[in-house]
Amino acid sequence: MTLERWRRITEWPLIVASVLFLVTYSIQVIVDPKESVGALLEDLLWVSWGTFLIDYIVSLVIAPRRWHWFFTHLFNLATVVLPMLRPLRVLRVVTLLAVLQRTAGRAVRGQIVIYVTGASLLVVYVASLAVLDAERAGGGSIATFPDAIWWAFTTITTVGYGDLVPVTLEGRVIAVGLMLSGIALLGVVSATFASWIVEQVSAENTSRQAATVAHVDALRAEIAELRTVLARMDPALRATDAKAPPVAEPDGPDPSAAKS
Amino acid sequence: MTLERWRRITEWPLIVASVLFLVTYSIQVIVDPKESVGALLEDLLWVSWGTFLIDYIVSLVIAPRRWHWFFTHLFNLATVVLPMLRPLRVLRVVTLLAVLQRTAGRAVRGQIVIYVTGASLLVVYVASLAVLDAERAGGGSIATFPDAIWWAFTTITTVGYGDLVPVTLEGRVIAVGLMLSGIALLGVVSATFASWIVEQVSAENTSRQAATVAHVDALRAEIAELRTVLARMDPALRATDAKAPPVAEPDGPDPSAAKS
Amino acid sequence: MTLERWRRITEWPLIVASVLFLVTYSIQVIVDPKESVGALLEDLLWVSWGTFLIDYIVSLVIAPRRWHWFFTHLFNLATVVLPMLRPLRVLRVVTLLAVLQRTAGRAVRGQIVIYVTGASLLVVYVASLAVLDAERAGGGSIATFPDAIWWAFTTITTVGYGDLVPVTLEGRVIAVGLMLSGIALLGVVSATFASWIVEQVSAENTSRQAATVAHVDALRAEIAELRTVLARMDPALRATDAKAPPVAEPDGPDPSAAKS
Amino acid sequence: MTLERWRRITEWPLIVASVLFLVTYSIQVIVDPKESVGALLEDLLWVSWGTFLIDYIVSLVIAPRRWHWFFTHLFNLATVVLPMLRPLRVLRVVTLLAVLQRTAGRAVRGQIVIYVTGASLLVVYVASLAVLDAERAGGGSIATFPDAIWWAFTTITTVGYGDLVPVTLEGRVIAVGLMLSGIALLGVVSATFASWIVEQVSAENTSRQAATVAHVDALRAEIAELRTVLARMDPALRATDAKAPPVAEPDGPDPSAAKS
């Protein structure tokens, strides 16, 4: 079995496992259910984890260049080790949806916007769950889910009021992850606007637009036509040559060489 | 009646309704008037809301492709549901003003600057009103209008001192909106500077400027001229050919045709 | 007297007045001197203000299109009304220094870096003085000059710890100014890096560089040479024509027309 | 001995001295060892400092244009004066590693990402050590190494909760350095995304790509071929001319010259 086929087969099971993890973990943290239900949820989390672990091991075994795969798929390893990253798999679905909108021109930016919005909301949601889980146990000031969501937004936007602050090691690690996501978010937003403005500014004045491949192709077409004109002239010339005294032209095959 | 015509008709009534909402809501929150005046203001808010609702319903009914219109006009739906977004309609006037300045080259960036400045100030103002409305009732630390304005500025710039922090759900939702506006603001500012610097750097050294459509057009003109020269030569050559069979050249006017 | 000449004459007096203001205000706020010295400093501040006021009025009177000058020189009005903006005049000197470094290629970015660094440090310094002046009187937590500098840095970088926060209206207005400067600073830094990276990426692979005006000029030179070759052929053709039966070419001047 | 050779010789000793400084300072601050070990560490720090001092003095003496070298190597002076900057030398190693990955297209952005990530982590680590060193002595709220790391991350990301804040002058200077690094970090992240998005958008639609040097070169090749065709025609024409005075064509090798 090839790696490519394995990836196609595991695509949907992994998304389902991601959603399973997301739902189970949400119930576990927000509802905080009784013993029996809690044990069931715990089992479901293990099933989700197992799915990711099996996919990782099989992929690593199948991969033709194992070390290369290992280094280029560190994110996959991270989703096995850090359950928090697992829901990011759900973004695959977002990508599929993005493919549906076919407006060619703005597609790249549109996809980036959809993907970044989706990823940011997922990161905020999962980080809220995780920080609540960690801080409630550690006795921090983040004690309810709405508080956790509020805290996550103030962190990812780098506002950082400081009214709610994680105090446990786990909570702070999650916070640092959120802050770095915030920097990435800001970077992508700036970059997307920059790409859009550059396009607007050049679109405004057509003659000041950057020359594109299409323009160069148009030029090439004109030059090709020139050559056709010349080629048409060429036999005309040869006819002229033919009239010339047969002796005085030792390099007669030259015109035909020009054609080749 | 077409959608286009309806839009032209409702343009100004909607701007008036936005201003009406802005003024009425400002008085209601800042002045906090007595019973009788308060009831009048409440009525005016309903009138403003009614204008937006009627516009939305009529537009949806008139629209040729109803679902398409629905999905591409989610912002219009939002202005009906979330009164806070309604004042953004006033920005239409800002856009009209921006059209007045006709400096072609810098127009796009100039319009972006005017629009973003206008939108940011409006967002800060309306968010201050809304947060004051919510927090005063919820017993938060934001108790006066100057405090609310100060808080809104520390939030939209992502500074977030934390001296004033919303504690109600409504206040926090408004705060998240402000934070996201702040990220957008920063993105637009960065992007506008980036577009300007790229232009400056290339303007500095003419020979290092990106080739523009104007340059390609100049090239094309030269190639076209070359072709004209060749076209004029062509009959000349044919004339030479003509010498071979001395009689046969009825198409004498050809050169003049080539000239046209 | 023309506006241009007036500007040349007042260039240095205004820079001197800016420095005078900066030094005087610094002594007044940081040293907080006794009655007699304080009165002298107050007089010097009035002299500085007078210089700016006279320059503004004379410029407005001299200007050929008074309203146009008024709207395009709102910053000059601001330096008269808001003394805090006056020291920004000193940046003129920075610009002059920047001209000294003549490395053409990186000059624009180099100048932007020098100017923005200079402006940011000046803004931080002046805002620290102003906020200390305002808060000390208003009983805020910002009580010493090092505290004010520290607060200014946490604000302009949008970090906003919140350990020191202005509480007076004046202090908060200065704070908002600093925050907006911070957004501008971040925007310029991002944009400068963006311009640099775009240049690096294209420099890496020469064949993937954007075509520049220099390249188009090289192409044009080649086409021009082609035309020269054709022009050389043209008389050759004419010679051929000349040989043709004298009767059969009524449009003899055609080749010379082709040359024009 | 030339400056270039000295630089090659001192490359590795300086990196070793950086690592020595980093390890020694880490042990000194985090472990806070007893008298005898502490004295040894202090000696090692002096050795590290000595290496940098000697390198600086020798380089300055060797340099052909001493003042020019002085002004263009202010960073080297800073690493002698400010020990905190010394570990940044280690980044040289990161650069060497980056050279190993040879994927030409994405190399510049890849190198920037690796370098910036490395530099940011080093800056956070060293700033944490330094701030802990300063604040512990000054009685600030940053008392443990994990607290210092947490504070450094909230500062470099410009989140600034304010739960931990430096109060000593030294700590605040380090904090300002971190904040400025944060702005630079954000700028580089935005710029890298911007460069990437601009590339994606243009890659999406080939005909809308900017014309590159490669395209212009292709055009030039076509024009050159046109010229060859014309050059081959030229002698043919001249041969026609030659028919006029039948004898005179001594320059027979001309066509072959035109061909070369």
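Labels A, B, C and D are assigned to the chains in the order they are written; within every chain, residues are numbered from 1.
What we mean here is this: a residue touches a chain if its C-beta (ideal position, glycine included) is under 8 Å from a C-beta of that chain, and two chains touch if they have at least 3 such contacts.
Since the structure is predicted, the reported quantities are computational estimates derived from the model, not experimental observations.
K.L.:
Counting hops between chains that touch, how far apart are chain A and chain C?
P.N.:
1
K.L.:
For the homomeric pair chain B and chain C, should the interface be classed as same or different, according to whether the shared residue numbers exceed half of all numbers used?
P.N.:
Counting shared over all numbers used gives less than one half: different.
K.L.:
Based only on mean CA positions, could you tell me how far chain C sits from chain D in angstrom?
P.N.:
Averaging C-alpha atoms per chain gives centres 27 Å apart.
K.L.:
Residues of chain D that contact two or more other chains, please.
P.N.:
Counting only residues that touch two or more other chains, chain D contributes 158-162, 186, 190-192, 194-195, 198, 210-211, 215-216, 219, 223, 226, 230, 233, 237, 240, 243.
K.L.:
For the complex, which residues does chain A have touching chain C?
P.N.:
Within the complex, chain A contacts chain C at residues 158-162, 190-191, 194, 210-211, 216, 240.
K.L.:
Could you please specify the touching residues of chain D with respect to chain C in the complex?
P.N.:
Going by the criterion above, the answer is residues 104-105, 107-109, 112, 155, 158-162, 165, 169, 172, 175-176, 179-180, 182-184, 186-188, 190-192, 194-195, 198-199, 210-217, 219-220, 223-224, 226-227, 230-231, 233-234, 237-238, 240-241, 243-244.
K.L.:
For the complex, give me every residue of chain C touching chain D.
P.N.:
Listed in rising order, the residues of chain C that touch chain D are 146, 150, 153-154, 157-163, 185-186, 189-198, 200-201, 204-211, 215-216, 218-219, 222-223, 225-226, 229-230, 232-233, 236-237, 239-240, 243.
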